[in-house]
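Both complexes below contain subunit A, partnered by subunit B and then by subunit C.
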Partner chain A sequence: MPKINLKHRSWYEVKDRLSSFLFILPAATIFAVFYVYPFFETFNLSLRDWNGIGPAKLFVGFRNFSDILSLMASQQPADLTWWQSVIYWLKSLAAGTLSLNYDEVWWRSVWHASYITLVALTFQNALAFMLAMACDREIRGKHFYRAVFFIPPVLSEVVVGLIWKWILEGGVQNGQHYGLLNHCLDAIGLHHLVNDWLSDPKTALTCIAVVHSWKGFGWGFLMFLAGLQTIDRELYEAAKVDGAGAWRTFWNITVPMMLPVIIVVVILTILGSMQAFVLILSMTDGGPGYHTEVPVTRILAAMMRTKEFGYACAMGVTFGAILIALSAALKKMENRIKRI
Partner chain B sequence: MGMNPYKIRRLTKLVLIQALLITVTITCLFPLFWMVRSSLMTQDAVFVDQSIIPSRLHFGNYVRAWTQGQFGRYFLNSVVYTTIVVFGIVVISSWAAYAFSRLKFPGRKLFFVLFILAVMIPLPGSFVPLTVLMTKIGFINSPYSWVRQLGYILCMINVGLPLSVFLLKTFFDQMPSDLEDAARIDGCNKMGIWRHVALPLARPAIAVIVIFNALNVWNEYLLARLLLNDVAGKPTIMPLQRGVMVFADTHNVEYPLLMASLTIAAVPIILVYLFVQKHILAVGEPSKIDLLKEGRLSR
Partner chain C sequence: MSKRLACLIVLCFALLYSGCAGTPEDPNTLTVWHWMTDRHDVLVQLAEQYKAQTGITVDFQLFAPSDIYSQKVIAAAQAHILPDIFGILDKKSVFADFIKGGFVANLKPYFEENGREWENSFFEKALEGNRFSANNAYGVAEGIYAAPLDVMNIQMVYNKKLLEKAGVVSPPKTFDEFLRAAEALNKIGITPFVSGWAELWLLDCFASNYAFNIMGIDKIMATYRGEVLYTDPDWVKVFEIFSVMAQKNILASGIVTKSNKFAEQDFALERAAFAFNGSWCVNVYHGMNPDLDYGVMLPPKISDGHPLMIWGGAGGSLVVNETSPRKEKAVAFLKWLTAQDQQAVLSEATRNLPSNRNALADLPKELADFGQAMDVVTHQTVWPIEEDAVVKEKFTKGLQSIIIGERTPQEVAREVQEIKKRQMERAIRRAQ
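== the complex of A and B ==
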């Protein structure tokens, strides 16, 4: 390196670092304004009571959260001290009259999201795994199937939701069911199964979960297939020579070798399915009643219908905490499994 | 000569597997076929005629959706948003990734950690303050269409940034530094190296980024719902997904018309998918980095 006058060199360095900084400036600015600020503002707003328009953002501490979570008995008289309210709580529990003061629709919406996630975890991923196993061999049309299974994932939730809404339509005209599913059930003689699928509280959520799985299984399939293809064929040959049947080969070779991929798919399925909501907007918009609400549609409703911006943010923070707790638990499980 | 039991077992197994695959294939494709088929019927026919292929094909729904339903405009808007956002993401994220990987400046580590955290921490409600912010800055209620559109575009760029930066940085980290040195000796400055060395080398990574962000922008609904409002008397600025939802609300019983609009929204993305299939399906490979490595070696 040529010797440079110190002063000159430090000026050169400053200029160099400044010009380097310019490279991340656009990204950092956009990121700060549109991601970092809303991120922290969510926490700020969650402590306030605000209708989204007026200047007054009343600070209410953790009231929004206690409205969501509260375990207080709902009919409890207002003037009780804390230990009296504990006694009241226990008494009404013993008497079987305890009803809690939490946001019931919200917790039901959390259950609905969990239900959709459970269906995705079991039905969708099992199907994806089976299909991946089926395609992980020399089989006719392998590339065709692979391409087809990934068509639903590239479609938008709006399009998928509306197509299925039309198929599941429960109406009747001229004595004929015009929804495709009902028409087919009718045609093959299963009249008692005909239903107004998305308006019936008993079936609406399951329909959404199944359509969600229809849209999503291609992702799992793709990752499982890629994982299966990395397994050394010699392992299977060796198992065969040792006289292991298909079932033992599956449990003692395929599953252990696939564990890392399975864990990744499980984590992605959970985070994705818990937060899925556009499908619901396009199929049922949370109805009938509140039977297909999920947390994100609740947040949207609090923001756009009832104009409770603070409460909307508090729901977001609560749900975010649930998701983080879930993924932390999964990470822990992953580490434990890895150690075995 | 009869077939031996081993052969029979293998054959049944193959038949069962094919049956499963074909069933799932039909389940995947039939709803789409049903959409197209319903879009080619008249309003009266669709409720009574349940034949697989309608006796008379009726293309009027597409004409109506395209003109009366403003789908021509929605389509154009979606194309514009997708192009600008993807271009913005590629340029801005490759600048940032190049800097994170190769240049020295204060706060380098901190910024990168922030980017990674953004991908890892889910906060479902953050669109609430984002909407408030966009109103406050004046993006949402601006009388000028292009300002409202710009707001949406910036937000969508932000959505795609963190992952793209991360992907490109891991790519640039493996870039051989002798190429860079050679360029420097030839008189390239940092911008020149980015333009003539880094970007061309990163082509496989950029292909992945372009495809997935294009899909994401084309299919995006929530931010389009929150940030894009139309002003009476001016052409609509909504993208397709939003337009479809508006259309579904106002024409909720006109299924043939609605199916025509869905077809308009779905077919381009399916065609593009079939066209770039290889890149998309390659993302499932064990590690994306390996894919990118291969891409580099094959050049």
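== the complex of A and C ==
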């Protein structure tokens, strides 16, 4: 038997391992430079008071976070320590004067993003699912519909925003509404429904949510369609032979088989909708008042308008934590459903 | 195999490194970052002329719109990759931060050369915003830190044809006359007033005109210092102006979500009789509707107590990068660009008011009308103190709430004061 050179072998092992590491080094470097470093730098900045320009980055600990998360009672003295503040809040709570969130606008913006997400989860995904089911059948021109339904997602968000702004415009010239929607409503005799859609606080956010859903349903449509096409047709045929109706087939075959796809679409919808902002900038710029502000527009405003970079980074970290918690909860839910 | 792999990795790093490196240091190429879409072509044309005269290439790089440009400049300052010449589109405290960060050269020695020849060529108001006096509140060394390319002011414009149609003989001089004119316009179905009040600075600008008129600059500055409350009756009067305008149906539909571009379109297409806009609008309206017949007027005053001041001063100003190895060449180029001949070319091509007082000949009538009001202009860049940006945001968002009928002037005054108090307390907390 030939004798094994142990020294030689270990050098080969090291070399082999080294080359494996070298293979992943470019990807790891890019990941570290563009993901890991910015994350830690953002967190580092969130602990500082910085205007984004000057060299002075004053360390303020978790004050930015406490400004976002804490409650502040009206008339609260400025020189209280944190535990004195807690006692003061409790007393204020008992007295019924604890009402003002420190950054109430930020939390309102989180609610606005949640509302847009809720509309997207229901209206947008239901529409996408229905259209995918329609296109999955043998209908005439299905390839044409597939292409048409995918047009909105590939359009620029700014362009979509400006087009919808024109559609929802509320102005009048020579007695004629020049916003398309109002013009149509007026023409068909529904004058009482004519509205200044984007400037009315009651309708502005819903308009944004609907346009966001219109823009985004194509992605869901494509994923649902791909999912539907993987379902074995024999299952439907067997169900038909067993006398199952359309509704029963849908609930007992389509939905269970589509569940993994539905969960992926739900996660992507939540992450995409919570972070929507380009559409908002081009349609309302967060207005009227604060009625269409979302977390990303608030972060942008803190960075660019009020020059509070540290505070903006703290908002970014807080918002990131909310999204991570949401994704983790959904992942857990997915695992639980899979087990069922 | 492993040699090839090693070569590939080295190549990747070399490419990555070369990609991260800055542009080659050409001593005869100046880079200018700007945001002025309407002036880009003529600036490029002037750069070609400068190259023919001096052999120095000037690369004008356009980044628009202005808010995107601002973000780029701030990011470039953080990364220390600012170009030779650039502009700062922000309030004076931010300008001061750039100076204190060592990004902006003090041009005072250059302005004072040859018996202040360069300084004296400008309108006084054009330089005011770029000047920091001795012992200023910002802690910046005394000097002049930017060269203005043009001047501007913000006033009201009126459509002559629509006013005539409504039987309004002359443009209103007082707020009551304005209300009567608006009523007459409403009667014949014409929208009286439009402006881009989704843009908070423009809304703030209109409100501060009237704040000056109602209470004067001293009381405004006292409010910013926290000595006068926003719930003061004079401030409530300022808020009430917006309430009255909304209640009397004077404002264009959707004004609070309308950007200035859309508002300019509305006025140019004769959808509204009055607009609140800056002198740059002369060029914009000409582009949208060359036949538009309009005049320029000061916002109608509401009180005789104090003079009505309008926003104005330097339009676009450019600064020289203090760390640029081509600093002297950059200053020489700015001197050339702001000289009479080049200013005349810029003014003629872009219909903007020149910053060089010697280049005022042959301006269009509307532009000349804008120019006449340069004596009553003011700007936050020349005020001794600035309001906290968070309070300013609450103030303007509050005005939007009044316009849409969601809040009363008194409620907004209370809310703004609450935020003012909170911000002052926060400043104290952070200082501790």
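One rule holds for everything that comes next: the second predicted complex is superposed on the first by the 277 of 340 C-alpha atoms of A that agree within 3 Å, B and C clash if a C-alpha of one lies under 4 Å from a C-alpha of the other, contacts with A are read in each partner's own complex, and residues count from 1 in each chain.
Just so we're on the same page, a residue touches a chain if its C-beta (ideal position, glycine included) is under 8 Å from a C-beta of that chain, and two chains touch if they have at least 3 such contacts.
Source: prediction; values computed, not measured.
Engineer: Now for A:181: first (subunit B), second (subunit C), both, or neither, which partner does it touch?
Structural biologist: Touch status of A:181: no partner.
Engineer: Quick check for you: in the superposed arrangement, does A:239 touch first (subunit B), second (subunit C), both or neither?
Structural biologist: Neither subunit B nor subunit C is touched by A:239.
Engineer: Considering only the touch criterion stated at the top, classify A:52 as touching first (subunit B), second (subunit C), both, or neither.
Structural biologist: both
Engineer: Report for A:270: first if it touches subunit B alone, second if subunit C alone, otherwise both or neither.
Structural biologist: Touch partners of A:270: none, neither subunit B nor subunit C.
Engineer: On the A-aligned overlay, A:210 touches which partner chain: subunit B = first, subunit C = second, or both, or neither?
Structural biologist: neither
Engineer: Considering only touches as defined above, state whether A:19 meets subunit B (first), subunit C (second), both or neither.
Structural biologist: So A:19 meets both subunit B and subunit C here.
Engineer: Can you tell me whether subunit B or subunit C touches more residues on subunit A?
Structural biologist: If we count touched residues of subunit A for both partners, the winner is B.
Engineer: Could you look at A:199 and tell me whether it touches subunit B, subunit C, both or neither (first, second, both, neither)?
Structural biologist: Only subunit C is touched by A:199; subunit B is not.
Engineer: Where does A:113 make contact in the superposed view: on subunit B (first), on subunit C (second), on both, or on neither?
Structural biologist: In the superposed model, A:113 contacts neither subunit B nor subunit C.
Engineer: Between subunit B and subunit C, whom does A:279 touch in the aligned arrangement: first, second, both, or neither?
Structural biologist: Once the two structures are laid over each other on A, A:279 reaches no partner at all.
Engineer: Please report the subunit A residues shared by its interface with subunit B and its interface with subunit C.
Structural biologist: Residues 19, 23, 26, 52, 169, 171, 173-174, 178, 303, which sit in both footprints.
Engineer: Would you mind writing out the residues of subunit A in touch with subunit B in their complex?
Structural biologist: Per the touch definition, subunit A meets subunit B at residues 16-21, 23-24, 26-28, 30-31, 33-39, 41-42, 44-46, 52, 127, 130-131, 134-135, 139-141, 144-152, 154-159, 162-164, 166-167, 169, 171, 173-174, 176, 178, 180, 183, 214, 222-223, 225-227, 230, 271, 275, 278, 281-282, 295-296, 299, 303, 309, 312-313, 315-317, 319-320, 323-324, 327.
Engineer: Per the contact definition, I'd like the list of subunit A residues that touch subunit C in the complex.
Structural biologist: 15, 19, 22-23, 25-26, 29, 49, 51-55, 58, 60, 63, 67, 72, 74, 76, 78-79, 100, 102, 165, 169-175, 178, 196, 198-201, 204, 283-285, 287-290, 301, 303-308
Engineer: Please give the residue numbers of subunit B that touch subunit A in the complex, ascending.
Structural biologist: 14, 17-18, 20-21, 24-25, 27-29, 31-32, 34-35, 38, 46-48, 50, 92-93, 95-96, 98-100, 103-106, 111, 114-115, 118, 121-133, 154-155, 157-158, 161-162, 165, 190, 194, 215, 218-219, 221-222, 241, 244-245, 248, 255, 258-259, 262, 265-266, 269-270, 273-274, 277, 280-281, 283-286
Engineer: Which stretch or stretches of subunit C touch subunit A in the complex?
Structural biologist: 2, 5-6, 9, 12, 16, 67, 70-71, 74, 77-78, 94, 97-98, 100-101, 189, 191, 198-200, 252-257, 259, 262, 266, 269-271, 389-390, 393, 397-398, 400-401, 403-404, 406, 418, 422, 425-426, 428-430, 432
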